[in-house]
Structure formats: C-alpha cells, structure tokens
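One chain, chain A, appears in both complexes that follow, with chain B as partner in the first and chain C in the second.
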Partner chain A sequence: MFRSILLKEYTKLKAFWLAGLALNLCVAGYVLVALRKLFALDHAEVVWYRVIHLGQTFYDPFMYLPVITGLFMAVAQFLPEMKNHRFRISLHLPLAPHLIVLGHVLVGLGAVVLILAADLLALAAMTSLYFPAEVVAVTLATALPWLLAGLTAYLGAALVLLEPGWRLRVFNLAVSLGLTGLFLHQGAPGAYQRILPLLFILVLAFTPSVLLPAYRFRYRKD
Partner chain B sequence: MLHLARYALILPAVIVMAVYLPMLFDMSFGERVPKTHLFYSPVSKKFIWRDKLLRPAEESLEEVHHAQFVQMDQDGKRYTRQEFEKLLPFIYYKNMELWGLLPLKIDGASFDKEAIRADRQVVELKPKQIAGRSPDEQVYPLLESQPDAARLAFPEERFRLAGGLEFINADFNRPDQELSRKFNQALKKAGVAFPLRLAAGNNTILKPFDNGFFLVDASGAVFHLKRVKGEPWVVKTPIDPALGVRSIKVSENRRKEFRALLLSNDDRLFLLSSDNYRLTPLPLEGYDPDGMDFKLIINPLYRTAVYSDDKIIRAVVLDKDYRPLVSYQHTMPGAELTPAQSVFSYLAPFRIDLEDPNSGYFAFQLKGWGTHSLIALAWAAALFLVYALRRRSGGTGIWADGLVVLLTGAYGLIAVTVLPLEE
Partner chain C sequence: MEFAIEVDGLRHSYGKRVIYRDLNFKVPRGKVFALLGKNGVGKTTLIKILMGFLRPAGGACRILGDESHNLSPETRRRVGLLFEGHLAYEFMSIESVERFFASFYPQWQPELYYGLTDKLGLPGSHKIGNMSEGQRSQVVLGLIMAQQPDLMILDDYTMGLDAGYRRLFLDYLAEYLAEGDKTVLVTSHIVQDLERFVDEVIFLEKGGLATQMPLESFLRGFRQYCLPKDNGVKTPRRGAAIKNVEESRDEYLLYSFEGPEAVGRCLAEQGFASQKLEIRPMSFEDAFIGFTGRY
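Let's look at the complex of A and B:
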C-alpha cells in the first residue's frame, strides 16, 4: 500500500517536477551567461577582487529560487488533494495516517531535494570554472541555507495547505514564513557557515510537523 | 506520533518567535543608541565625548531635534557642537580653517594645516577584523610594491597558503607553478619553516603604497614578504616566535610610523614599527579583542587609544613614545535598557539574535536579561497553570507542555495554547 502511494505521487508529480527542474536549469543557465559576461567586461583579477573581497554574489538569482521551487512542488502536490477534501479519501486507506502523509512528503520532498541538488551541482561546476576551490566552498556555504529554505518552504506550504482550520492555518503560515526567513538573512558570503549543521537539524526537526494537520484532517472536528 | 508532530511545530515556532518578536518590538518601539565617541582634547586636556542619551537632556544647548545628542567633558560640562569641535582642532581642522582659527597655538607650539595633515592617523581593529572571526576565502593578491605606474594594480595571480605559497592565475584559474616555486624558494632561503599558518595584508589598491604581506610560519616566526619588480623580497622580522601571533592588521599610511597592528594570543596589542620591525606594546588595561572595538587616534601631540564593548568605553592617552599619560572610562547610555526594551524584558525571557556584531559569522545567540527573565518565565508559567486547570486535561502531555512554557516563557505559552493537545 505504501509503495502504491509513492507510485501515485510520483505519477502525479512527474510533469511538475520536470517543469520545476527546467525552471531551475534556466536560472542556472542565466547565471552562467551573466558570469561569463562579468569576465568578458573586466580583467579576471578585478572580478576576483569584487567577488572575494567586496562580497559580490554573482549567483544572487539563486537566492529565492529554492523557495519558489518548494512552494511550486507543494502546491502542485497538495492543492488538488484539498479540492473537495480529496485527501480524506487517501486518509481512509488501510494504512496509518502518518504513513500516508509520510509517503506523500517523501515523494514531494525527494522531488524538491533532487532539483536543489541539481542547483548545487550547477553552481559548484560554474563557480569552479572561473574561481579557485576556496571561492567554490564559500559560494556553496552561502547557497546551502537558501536550498534549506526551499525545503522549509515546501514543508511550510504542505502544513498550510493540509491544515483544515483557518486559525491554525494562519499560525502555520506565520511559523513557516519565519522559519524560511531565518535561512535568507543578508550577511557576508559564507556567514551561515558555522551554523549550517544547526540549520540542518532545524529542518529535520520541522519535518514531522506535517503529520499534525493530516491527523487533524483525518479526525477533524471543526 | 501525534506528539512528535506537535512538538516538531512547537520547537520551530518558539525559535521563530524568539527571533522575530524582539526584532518587531525593536522596530516599533526601540531606538538605536550608537556608541559614545570619546576623545581627549589637546586644548582643555580633558576627555570629552558625544553621546546620544535615552531621554532628551533637560537643559539642552542644542536645537530641539538634536536634544538627545549631547557633547560633554569628564567634569560634566556641556558644549555646543561648535565648542566641541574647537576642543578637537586636529580632528576638525577643516572647520578650524573655515573659522579662521589656523594656525593653531597649543602649548606654545604652532600647527598649520599642513603640519596637522602630516601627523594625523586613525587605525582601528574590530573583532570582526581579527583572523578567523569572519568568513574569508583566503586567496590573496600580492601587489607589485614598486609599480611602473602612478597607481597600484592587481596582479593576475593570487596566492593561497598550501604549506608554502601557491599562486593561482586568474586568467586561467590554474596554479602558476613557476611563480609559486620562485616565491617558495625565496621564503625557504629566508628561513621559513613550512607550513605557513597566517598571511596578513591589506587587499586593496586604494592605498598610498603597498607594504606587502606578513607571514607567520610553523614555528611562529614572522616574515615580511613583498613583490618588488616581480621578484620576491623577504625579511625575517626579529619578532620572538614565542610571542604567539594571532592576527596582524597591515597599515599603509603616509606617516609610515608603523607597518601593522599585531595581536598576540594572550590578547596584547602591539604596533609593529616601520624601522627594524620593533614591537611597541599598547597599554590597554582590560582589553578584550573578541568583544571590543579598538581605535588609535594619532594627532601631532598625542596618541589616544580608545576601546569599548557594548557598555563601557575606555581611553588611554599616550605620548609620542606610547607611554601612558592619563586614562578614563565612561559608561555609555546604550548600557542600560531603553524603556521599550525594559518592558519587553518582562514579557519574554530571552531573545535569539542571528547576527553577532563582533563576528562576521551568523550564530544563534540566546540573550537573557537576568531577574527580568525569571519574572517573564514565572508569569508565563502561572498563566499556563490557570490554562491547564481550566482545560482539566491530564496525562504526560500537559506536563511536557508545562516544561516547554517553564523553559521558554511567553513563546512556549503562545505555541502550546495555539496548538492544544488533542485526543
């Protein structure tokens, strides 16, 4: 039964996943073109100075992309389920509600993670074309929190969409927005470096929260 | 599973509230109280400062909208802005010129505009600027120190510390083996014990001249490296390797009195002289480099070392040989809570700040407010008790919620009441 849920979600999300991946690859392509232009317009050592010492982040277009991707996948996955409370039918399958939700979230989160991993690889590859390994490391340390923001955006959107009551929906929205915002603070490139493990733990700790609205949905009183 | 899911939402909710609610409160009611600007007046021979007070001064010398900004001296005497600037003629020398007060006559000596300009310098060291306290790619440009042009230019290569120096060509993004070999041979000849562990330079071309890099080797010895006409120029400085160099901030100023500020592992600060690399210790009692901003203000008569954390600012006046003459300390208005901050400290037991003013790295910093925090925890716990009694629900869940409120105060109270225990 669990495998059937995974298969159902995979079939449902495949087209959206490809669309999400295409959007992310387009942005990666744009960043690469912009990066090439930087080196075409100026001496390489001047571009290095701007990136290394002035903190110019040529990969800025990536900043909100994971959040958009996470939101897109969550909406694609859960909005149809909420129409006419279709999700309730899934929750009546002969499987514990948390396993049903877990199946959905595994597929959705997996889809987001795959796209974000492609972003990370693309960013690492294009940075290492033009900059030394130290810059690649700082670039990835700067972009990783943005990618984690994509995961909290997905989980937060799922929390909000699955929640049946308006009062908790607003609360979930506020917590999700706030949590996602924690990963998007403006600082020097690499400023998040020392708290990246903590941020990972925070995302992991937040993940099971999606089960709560599912339980409320399954056994709702309001 | 239901409990796990609930606390998986409560924990982030508490963190989010502890970050954003104080921030929103500050934005709505708080006010920024900048650090005091403390100086030593060569005219009155007194310490004078400019403060922003939390409440407007009762008898202000300034216009109403400036009433919170006061200029005063160590005897409590207030000054107008113009009087204040006249007490600091070496700093505000352009205004002195405008007001027809140049040349200055102080202690029988005369100082015209050129004499003042030639003997002024300010050098700073902030905690963020100490090696390892901010993110840094650690690939450095070794500039040509004697360029064939009027201004400095960036070289095509940068170097990293990889045992010795490894130069990387920016045009090809590849190591330049030949250049690396040439510089490492020169370093070896000068007595460097590899691996190198610190490189300190001023990585800009917006400076009057280039003083190269200081390198600290495996034994703790300090070497001075420059690129002169494309060739390595290395000097082993007489600095005792046992000193333990923590950080070096290179200074390239036309006065050329010293080459750098040097911070040792035991928190002492030195000036590294231009002649023979002598170390001059700065007598800074109670200086904590990780939590204090340091500034050395040099004028034709005195050197004033000013250093401050977020509560107290201290100053030591030194003579030209850096011997202490007189010192002073002042508690800044920002040391006390503003009325809004005070109210908030009774409402919530702590706040979480992501940004650390003393570091370039983000950190989750939990900041409490002593007894106020305890009061904030107590009222939240009392309210939760009333809530729990009215709900009349028992079980371990209510105890766990109680513990959350007891530890996190209002934040936890909001979270557990908005997300009530469900059957």
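Let's look at the complex of A and C:
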C-alpha cells in the first residue's frame, strides 16, 4: 500500500521532475559556458588567483537554483492536493495518516534530491575540468548548503501549502524563510564546511514537521 | 440494532456562530438515507464531520462504531466517500487509478469498476483530468463500488451532472445497492432524483434540529393545503398543526403532517375561515420546500 502511494506520487511528479531537471541542466550548461568564457578572456593563472585567493565564485547561478527547484516541486506536488481539498482522497486511504503524508514527502524529497545530485555532479565535473581537487572540494562545500536550502524550501513550501489555517500558514512561511535563508548566508566560499553535518541534521529534523499541518488538515476543529 | 452512523448530542460552532447545539440522529445499516436541508443549515459542516475531516466541538459522531474524526484504517476501508465535485486524481488514467485503489482494498472487485468505465468508450490510458464532469462521476462511482464499502457517503453527487448523467449515476447505484446490504448517506441539491431510491430522509433545519423519517411516510403524511387570500392583512402563522406557511399572490400554502380538521381548527384559532381550505397534491421537491421553507 505504501508502495502504491510512492507510485502515485511518482506518476504525478514525473513530468514536473523532468522539467525541473531540464531547467537545472540548462543552468549547469550556462555555468559551463560562462566558465569557459572566463578562461577565454583571461589567462588561466588570473582566473585561478581570483577563485583560489580572492574567493570569487563562478557558479553563483547555482545559489538560488536548488531553492527554486524545491519550491517548484512542492508546488507541483501539493498545490493540486489543496485545490478543493483533494488531499482528503489520500487521507481517507486505509493507512496510518503519518505513513500517507511521509510517503508523499519521501517522493517529493527524493525527486528534489535527484535533481540536486545532478547539479552537484555537474558542478564537480566542470570544476575539475579547470581547477585542482582543492578547488573542487571548496566548491562542493559551498554548494552543499545551497542544496540543503533547496530541501528546506521544499519542506517549507509543503508546510505552508498543507496548513489549513492562515495564521499558522504565515508563521510556517516565516520559519521556512528564516531556515532557508540561513543556508544561503555564507560569508565566504566553504564557510559552512565545518557545520555541514549540523545543517544536514537540521534538515532531517525539519522533515517530520510536515506532519503537523497534515494532521491539522485531517483533524481540524474549524 | 447496529448503526452505520450515530450522531449523539453533536455540538459545533464557528466562533460565536452556533451550527448545532444538540444534534441527534441514527442511521441503521442497510438503508439509503438522504440528508436534506436548505443552504446554511450546516449540511456541509455535518458532511465534513461525518467524513472525518472536522472534529466536532462536542457530542459524538460515530461511523461504524468509530469516532468519525478518528477512524481506524480498518474502518476507513469500510467507508466509501464521494466528495463534492467528484474529486479524483486527475493526473491518473482510468487504468492506473484502478490499480492504485485496488492495492488498498482486499475485497476489490475490478469488474464493477470496468463495468461502469467501459461504458464511457474511452481507452484505459485516458487521463481523468481530460474527462468531463459526467465521465469523472462514473469513474469515481466505479471506484467506490469496486471498494465494496459497507457505508457510502455521497456528497452532492449531482453537482455538474446533466439529467442523463444523473440518471446513469443513480441507475448504477440502485443496481449496485440491490445486490447487497449497503448503507448510503447521500446529499443532493436535486431532491426529486432521490425519490427513486432513498428509504429514509433526514431533514436538517437551522439551529441543528434533525427530523428523520421514512420517505414513504413523509410523502404520504406531509400535506400541502391551499387557502385563498381574503384580502385581510393577517397571514396564517406556523405552529401547532401548521409546519410552514408560504404566500403567493392569491393564496396561502400551508404545510402540515396533520389532517384537514386539525389544520382547519388551527386556522380557526387564528381567526381564519377554513371552509375553502383544500389539499393540493405535491411532488417530493414541493414537499421538501414546504418542509424547509423557501427562505
């Protein structure tokens, strides 16, 4: 039964997932072209100096892309469920409500993670084409919190969309914005490297919070 | 006697607006019930409570023995819900939605589903989102029937359906119900359709009063009386034998469960001559409006 929930959500999301993946690959392509341009316009040692010593980043378009991807997938997944309260169909299925909700979130998160993993691979591959392994490591350490921001954006959007009361919806929005913003505020490339496990735990801890609005939707009093 | 639905001292309010103070009714198993009432009497609220998507402020609402807002998965398996607007997974196809729901219900009967959807003449890969409201209603009804629930709650199944699809829906439902011991609670804005297959009616009135009776008793016992106007300024009042009074240009229409003598006496007490009082036949819809009032 749980597998059926996963299959249903996969059916719903596959077209949106492909669209999201295409968008991300387009941005990766753009970053690659921009990177080649950097080396075409300047000597390689100048570009290396700027990236390694001055901390310039050539992959800025990746910064907000995971957030956009997370929001896009959450809206694609949960907005139709909220239209005419269609989510009631799923919540009436003979399965524990938390399994139903977590099944939905698992598929959505999985879809976002797969796209963001493609981003990470693309970024690692293109960085390693022009830079040494140390730069690849710093680049990935810089991009990983952005990818985690994509996950919090997905969870936050789900939290907002599933919440039936507008007051708590505003509260959820504020919490989600704050948490997502936290992942995007690195002072320098790789600044969050040492606290990456903590940030990962934060995302894991945020995940079950989606149960709260879903329960409020299921067992509401007004 | 076991009841499919038990509503006992139900209370609910939205802020200071009280919807029900003490609502009571019981739905025995194996019958078809219509929940009727004018707009604004709390029908939608009651359906939300019965479907388990609203927790009542007080009292009890039990569905097959479970609190409606806390149905166990096993009880949910025995309850089929049709949501207003024939809600369905629009991204799924005729075949994929059947496969999806079949995995949840051990007693699933695909032939009941396909018996209905095959009549649509659409390929199994046809998406529900590309269907008309009428076609979607057949898919949704097919899914509920294949589920083999003990209790079906059908919320305004007529919404968006033309006369042909309404008839088709009811014909299939009646055929399905004839074969088993199923309980159905149905609401509809087109009451005349219900006359063909409903056993009992529950009238919900403002303030949370519920009147429950067999449809046959209602149709036989509830009467419409016509009293020509006598150019006086007074209007007959409801109360005692008179359930409701409606006024047209030339006459008063009085509605009552009582015979002509009792209604005549009631009118006489109010100062009206009742010699011209006559019984006028009425349809189920007329009787419904007479019972609940136009406004």
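Methods note: the second predicted complex is superposed on the first by the 221 of 222 C-alpha atoms of A that agree within 3 Å, B and C clash if a C-alpha of one lies under 4 Å from a C-alpha of the other, contacts with A are read in each partner's own complex, and residues count from 1 in each chain.
The rule is short, and it goes like this: contacts are C-beta pairs under 8 Å (C-beta built on N, C-alpha and C of every residue); 3 or more make two chains touch, one makes a residue touch a chain.
None of the values given here were measured: they were computed from a predicted structure.
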* To do: Kindly classify A:L95 by the partners it touches after superposition: chain B alone (first), chain C alone (second), both, or neither?
  => second
* Pick one for A:F200: touches chain B only (first), chain C only (second), both, or neither. => neither
* To do: Could you say whether A:Y215 touches chain B, chain C, both of them, or neither, answering first, second, both or neither?
  => first
* Classify the contacts of A:K12 with the two partner chains as first (chain B alone), second (chain C alone), both, or neither. => second
* Would you check which partner chain A:Y49 touches, where first means chain B only, second means chain C only, and both and neither mean what they say? => first
* Indicate the residue numbers of chain A shared between its chain B interface and its chain C interface, in ascending order. => 96
* To do: State the interface residues of chain C toward chain A in the complex, per the touch definition above.
  => 14-15, 51-55, 57, 69-70, 73-74, 76-77, 79, 81, 83-85, 87-92, 96, 100, 103-105
* To do: Show which residues of chain A lie in contact with chain B when the two form their complex.
  => 43-49, 52-53, 96, 98, 128-132, 134-135, 137-138, 141, 159, 167-168, 171-172, 174-175, 178-179, 181-182, 185, 187-195, 198, 202, 205-212, 215-216
* Of all residues in chain A, those that touch chain C in their complex -> 1, 3-4, 7-8, 11-12, 80, 84-86, 88-89, 91-96, 217-222
* Structure fact -> The residues of chain B that touch chain A in their complex are 1-2, 4-6, 8-9, 11-13, 15-17, 19-20, 134-135, 137-139, 141, 154-158, 160, 168, 170-171, 173, 203-204, 354-355, 360-364, 418-419, 422
